[in-house]
Amino acid sequence: DIKIAHIYGKTGPFEAYAKQSHDGLMLGLEYATGGTMEINGEKIIMIEKDTQLKPENGKALLEEAYGDDEVDLAIGPVSSGVALAMLPVAEEYEKILLVEPAVADSITGANWNRYIFRTSRNSSQDAVASAIALAGDNVHIATLAQDYAFGRDGIAAFREALATKGISLVHEEYAPTDTTDFTAPAERIFNAMKDLDGTKKLFVIWAGGGNPLSKINAMDPGRFGIEFAGVGNILAALKSYKEFPGMVGATYYYYELPDNPVNDWLVKEHFDRFGTPPDFFTAGGMAAGIAAVEAIKKAGSTDTEALITAMEGMEWETPKGTMQFRPEDHQAMQTMYHFKIRVDDDVEWAIPELVRELTIDEMPIPIRNQ
Amino acid sequence: MTTAPEHAPKMAQAGLAERLGPYIPMLLVPILVVLGFWAIPNTSSWLTLTVSGLAMGMMIFLMASGLTLVFGLMDVINFGHGAFVSVGAFVGISVMLMMGHMVESPSLMLNLLAVLIAVVGAMVATGAMGWAFEKVIVEPVYGHHLKQILVTMGGLIVVEQLLIVLWGPEEIYFTRPEALKGAITFAGAALEKFRLVAVVVGLVVFLTMRWVLRGTKIGLIVRAGVQNGEMVQALGYHLRLVFVGVFVAGSALAGLGGVMWGLYQEVITAHMGNQAMILIFIVVIIGGLGSVEGCFIGALLVGLMQNYVAFLEPKAALISNIGLMVAILMWRPMGMIPVVKAK
Amino acid sequence: MSDPILKLEGVFTNIAQYHILQGVDLEVPRGAVTMLLGRNGVGKTTTLRTIIGHWRAHQGRVMFNGEDITSTPTPTIARMGIGFVPEDMGIFSDLTVEENMVLAAVGGPINSARLDWIFTAFPPLKTFWKSEAGNLSGGQKQMLSIARAMVEERQLYLIDEPTKGLAPAIISTMARALKDLKDQGASILLVEQNFAVARALGDSANVMDDGRMVWSGDMAQLGSDAELQERLMGLSMETH
Amino acid sequence: MIHSVLSGDLPRSRILSIVLLGILVCLALAPFLFPGVRTVDTAARICVFIVLVASYDLLLGYGGIVSFAHTMFFGIGAYGVALASTHMGRGFDAIAVGAVSGAMIAALLALVIGLFSLRVRAIFFAMITLAVASAVAVLVSQLSGLTGGEDGLTFKTPRALGPAFKFGKETFDGTLFGVKLNGKLLAYYFVFVGTLVLFLFMLRVVNSPFGRVLQAIRENDFRAESIGYRVVKYRVAATCLSAAIAALAGSLYAVWLRYVGPDTTLSMEIMIDILLMVVIGGMGTMYGAILGATLFVLAQNYLQTLMGAASGLVEGIPILPELLSADRWLLWLGVLFILSVYFFPTGIVGRLRNQG
Amino acid sequence: MTSPLLSTTDLTVRFGGHVAVDAVTCDFHPGQLTAIVGPNGAGKTTYFNLISGQIPASSGRVELRGQNISGQSVSQRTRAGIGRAFQLTSLFPNLSVLENIRLVVQSKAGQGFNLFSMASRHAELTDAAEAILKRVRMIDSRDQIVSELSHGDQRKLEVALLIALDPAVFMFDEPTAGMSVDEAPVVLDLIAELKDQSDRTVLLVEHKMDVIRTLADRIIVLHNGALAADGAPAEVMASDVVQEAYMGRGLEGILEDV
């Protein structure tokens, strides 16, 4: 038998993400095994573990998976903090941890070890894609992000990517994670931008609640000619984008954006089984599931060293097209999508329409694990 | 007839500070506004920040008012208050989503009617829940702060989880009624329309609470009842009924606060109420336990302070509330307008 | 004379596992001051608390105006027209003197003539009308407790040791006030350790021992019979 | 002998003694009785929480002081070891330096908070600690350069405490009763012995003259002052002591986890867990900490498994499987919360002692 | 005459505008029992509070053995030799009777900050506590929890705590209030013994005239916060201020009225 552990934060604030991720993973395994759930004649056994979003639990559960359950490979988790705590365990037990969907750069950066692979995008990919999507002539960009490592790192990557396009940021605003009143940040941004000419864009990265976009929008930034730019999100969150027709940005996934057989299968099956389109994290889960199966097939066994050899540089098909594990840092290189928001009253959420695909070659993603 | 011996305790003029003492808190809000004007170079920014800060204070007050009522009058620390805020938001928003056409129509009257119906729905729901909460969870622990903390915390978890069971774990996004979207701009300042509604509702609640507590005996009965329930009954008051009533009122207020907060955030989660709790506690504490006026002033101060500090020095915004609380407690350990002696 | 306003028939009361009252019979005649006397710990306070409903008789009956109130809720009993001054005074110390009084006036605003009469008996209450009751001196609290019961007209007053902690001068004005109440037609059941007060005020007397009523009769008779006092209450001459 | 080890404070109940002895044996022999990564991890966590909860009981149960900053001190100890190990390199010296300076900083901070706010009424002290604790949590996530921010710090402990270190090759052939002799085992006993020593020390403190004064202050601080005890001084001393021990518990936890992060050591959630453990076990008993921590940690780790099984049983019935689904374990923990406060108002220890 | 053990000089306290204790200057000498009388609200309890430090004085001085202790905290004054029993009983309700007393003895022995020894091993403290219990005839209830004691026994324990503290200045605030006629004499005898010790002084607030007549060496009268009379019992009792403000028309008056 082949044992795979899915270790992720099933309960807690990210419950919705977790469910998508797991559904995607199972669909991926199913797709890649042609519905048999067997690889090379061996049955796949899935073990689920709930970290409750606590790093110490993630660590203990991964140890349990490797040590007591003797799984061949583990997948997860949702939160970057938990992932970072789990990384050394993979090294200790010399087994593979396939990270999905945690995004922190340092997972395949400073804290990386050779047993770590990641199918989800990292923050740099988001940032670089956004920079390409927003760049243009006479564009002035200000940013708003949460005032902690994730937000600051994200903006730093974005700033770097923009610099390569010859654009520098007008203003960087950071607000505490638990901010509910965005009047002050908005005023500071307005004051910084109102006297500029040309296109003015406010780029917002904000994870979790708070919903700064609509709050700032309520203060009528149009008065100063300021437009919003942002990144993709889950469908539920896209509802709030309905206020921003025409908003542009770059996203990781929306089910109508990619055009390939894997995605077609995913969309169809997901509608059939759940009655809803696949969501943001479903795609990633599926990519991870397919990657696992392909890797074992390619390696011909579940031996760790064989797997690593097989996976480094491996290319495989996902709902987002072909992905590739970069040999240097085991990060999956993948397509991103430049979108523009369209509002359709018959659709519950705002639709990110494809402007253009940003291919792997177009995006110079820095390698940060050296 | 026998008359009592002459009674003439010596009275001297109290010091100026002593006589002014009670009025200082009322001056704090204007003082802060003036300080803000002095510190913020840009007048239109100052105006925006001030007006929206005051409105935010009103919303905080709406959420905190129920807590101060229950905490102050009944001496019950309800850590589950946040759950009521969440339930209020969920019920209110669900009701509003059911009235799609009233919400989407651009008519202000229809929109406000929809909000009113949602508020009533939410208050009925949270009121009923408060009744159950009091009967099942709180009644056995009157007088034991620690147990109250634990039991209500347990209640909080249970309610949050039930919300997830009933509404699912996803965040629910929605948009405000048509006429309440956007802002009014004047003198270069922008003020969200919805905040105006919050100001009106906040003022109505504040004045109503003041009237009920001053104009009726309910406040007295509850405060006396906490100290010596037997004696209150011996005076002829059905204390249990009053207690349940106050708790239900506090819960319904939380529900009202929840709807308003949900409408402001435009996204609701089961944890939203609890996330606001630290802020709510700070307001209740600096106001002075059980003082509606103190809670009101405290909420306005917090709303203003947050905006000013976030504008002037965003780094300090993280601790502005805590700083405010520590400063006020150093000055008045019992809060600005203490009513009840906390044990 | 008409039938008694209050009547206890064979009342037994337990507190936790202790049997405190063991068959108390008591009649309180209308329009008179009835004394309830006895040593410490014999059950006087328990008897009053059973009447008002803080403790419940588990056997026997309590009748008020011919109505059985043995298991009536306390607030209802109070609203039938009974004023209560508890042994521990039951002051609401976080409330002001005024608020204490307002609360005690169940029927509505305080009658100002009645308030003046109360101020005459207990002048400090007027002085400290707006002060927190918890800051009053021991004796002033006692005055407030009595004043609270008197703020409205009641048919029956249950008063537990009103004179403890009061200075002699106040004791006499208080006694005068109680007598006024009686003259207004009210009935009073009074527990008192100060025998001089008892003798001055009481019309009839009941003496308890060990949870039972051991003697009932005329106060004047008890007051003049030193030997009876010695036997019933262990009083010796010096305590007069 | 036992009398003096336990400082004269015996369990005073037959059942309680048996249960405590059972727990002691289980913890002492955990790696041998329940071999398995997860089980030993659970045992180690129980140990750490026993110290943490007992130190809180010292404050709450004996001193009558409600503080919400206990996890802050716990975190200071944990971060102390983490930072020392990161900057000094792996080694026992780093652990010692981290633990001692953590404990000292915790005590110092407690002193400052105490001097400022222990004169104020109890509920305000509670609120001020709540505020300070949340400010420190924010600070830790802000100073990400030093503390690793939200992501926390992963670090290395001495090789002798890691799984890669094997010993006893010659004498026992590397295993004892089927258990691999490696550094993980040593790490467990490091935690276990630390727990035992700290617990017995606290037991001594609460039964010393100092402990009696604390109880007196809890009962009636006004009177304690008027028979000559400087109440504020005693309260501050108790706060400092309890903070230092909480920090040491944090150090043990850091040594065990080789990771620290704000959610792991500083979160409000843990604070609530601690409160619950104290109350379930029985406030002001010390032994309650053992029972409370054991039960609670077990529930936290195994309730989900149990519920998964239960929801399988009720398949088909409407809504019930939904309520019993393993993902709803928090719901039942909440219910447990409420029930335990009702049914064990004096805690389990109080219950058992009252039964005779 | 000996030098005073305790003296207050212009001791004053105001609550808002209300002058509750008004410039009271008074000396208390060793070996003396001073009764303090006055109408309700005259400031007797407040005067005690000022001496023992429960309330800070607005102005004026408290001196013990000639040393100014006005700035000191309650516990400092206690250790300096000022002891107090309260009008409203104030004990450690969930501890045993013995433990209550032992806490006092331990405080006197300065053992409070001893963290490492076992309290139960301090036999000397236990013995001392038991001796006190014998003196107040409460040894039989040594292991009882205080909250389960009868009201009378709690009053007695209140007094016993002060006796265990054995200060230079004893202050009793209505010690026999609520005590039955057969229990009161025990306590009064104990108080009488105290004043015979030549280096102690006793202050006693009482409303019961017979108690004052039998025990007091001297009476001071407080009226509206001020010192209104001071002197030997017989002459003070006969003074106008006592007769009018304190005794009123007396109980005989009531009898006539009725």
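Annotations
Per-chain numbering from 1; labels A, B, C, D and E assigned in written order.
Convention: a contact is a pair of C-beta atoms (placed from the backbone, for glycine too) under 8 Å apart; a residue touches a chain by one contact, two chains touch by 3 or more.
In UniProt terms, the chains line up like this: B, D = Branched-chain amino acid ABC transporter permease; C, E = ABC transporter ATP-binding protein.
The model shown is predicted, which means the values in this text are computed figures rather than measured ones.
Both chain D and chain E are touched by B. The minimum number of touch steps linking chain B to chain D comes to 1.
Across the assembly, the mean Cα position most removed from that of chain C is the one of A. Centroid distances from chain E, each centroid being the mean of CA atoms, peak for A.
Spacing of chain A relative to chain C, judged by their CA centroids, is 78 angstrom. We define each chain's centre as the mean of its Cα atoms; on that basis chain C and chain D are separated by 55 Å. Centroid to centroid, with C-alpha atoms defining each point, chain B and chain C lie 44 Å apart.
We define each chain's centre as the mean of its Cα atoms; on that basis chain B and chain E are separated by 47 Å.
Shared interface positions of chain D, defined as residues touching 2 or more other chains, are 138, 142, 328, 330.
In chain C, the residues that reach two or more other chains under the touch definition are 124, 169-170, 172-173, 176.
Shown for chain E are the residues in touch with two or more other chains, namely 39, 41, 245-246, 248-249, 253-254, 257. Here the chains touching each other pair up as A-B, A-D, B-C, B-D, B-E, C-E, D-E.
Chain A meets chain B in the complex at residues 13, 15-16, 19, 147, 173-176, 178-181, 183-185, 187-188, 191, 209-211, 214-215, 218-220, 223, 234, 236-237, 239-240, 242-243. Note for the complex: chain B touches chain D at residues 77, 137, 140-141, 145-147, 149-151, 153-158, 160-162, 164-165, 278, 281-282, 285, 289, 318-319, 322, 325-326, 329-330, 333-334, 341-343.
Chain B makes touch with chain A in their complex at residues 42, 45, 48-49, 52-53, 56, 164, 168-175, 181-183, 185, 190, 192, 194, 264-267, 269, 271-272, 275-276, 303, 306-311, 314-315, 317-318. The residues of chain D lying in touch with chain A in their complex are 36-38, 41, 138, 141-142, 144, 149-152, 154, 162-164, 257-259, 261, 263-264, 304, 326-330. Chain contact summary for the complex, chain C toward chain B: residues 52-54, 73-76, 78-79, 84, 86, 90-95, 99-100, 102-104, 106, 120-124, 126-127, 134, 148, 169-170, 172-173, 176.
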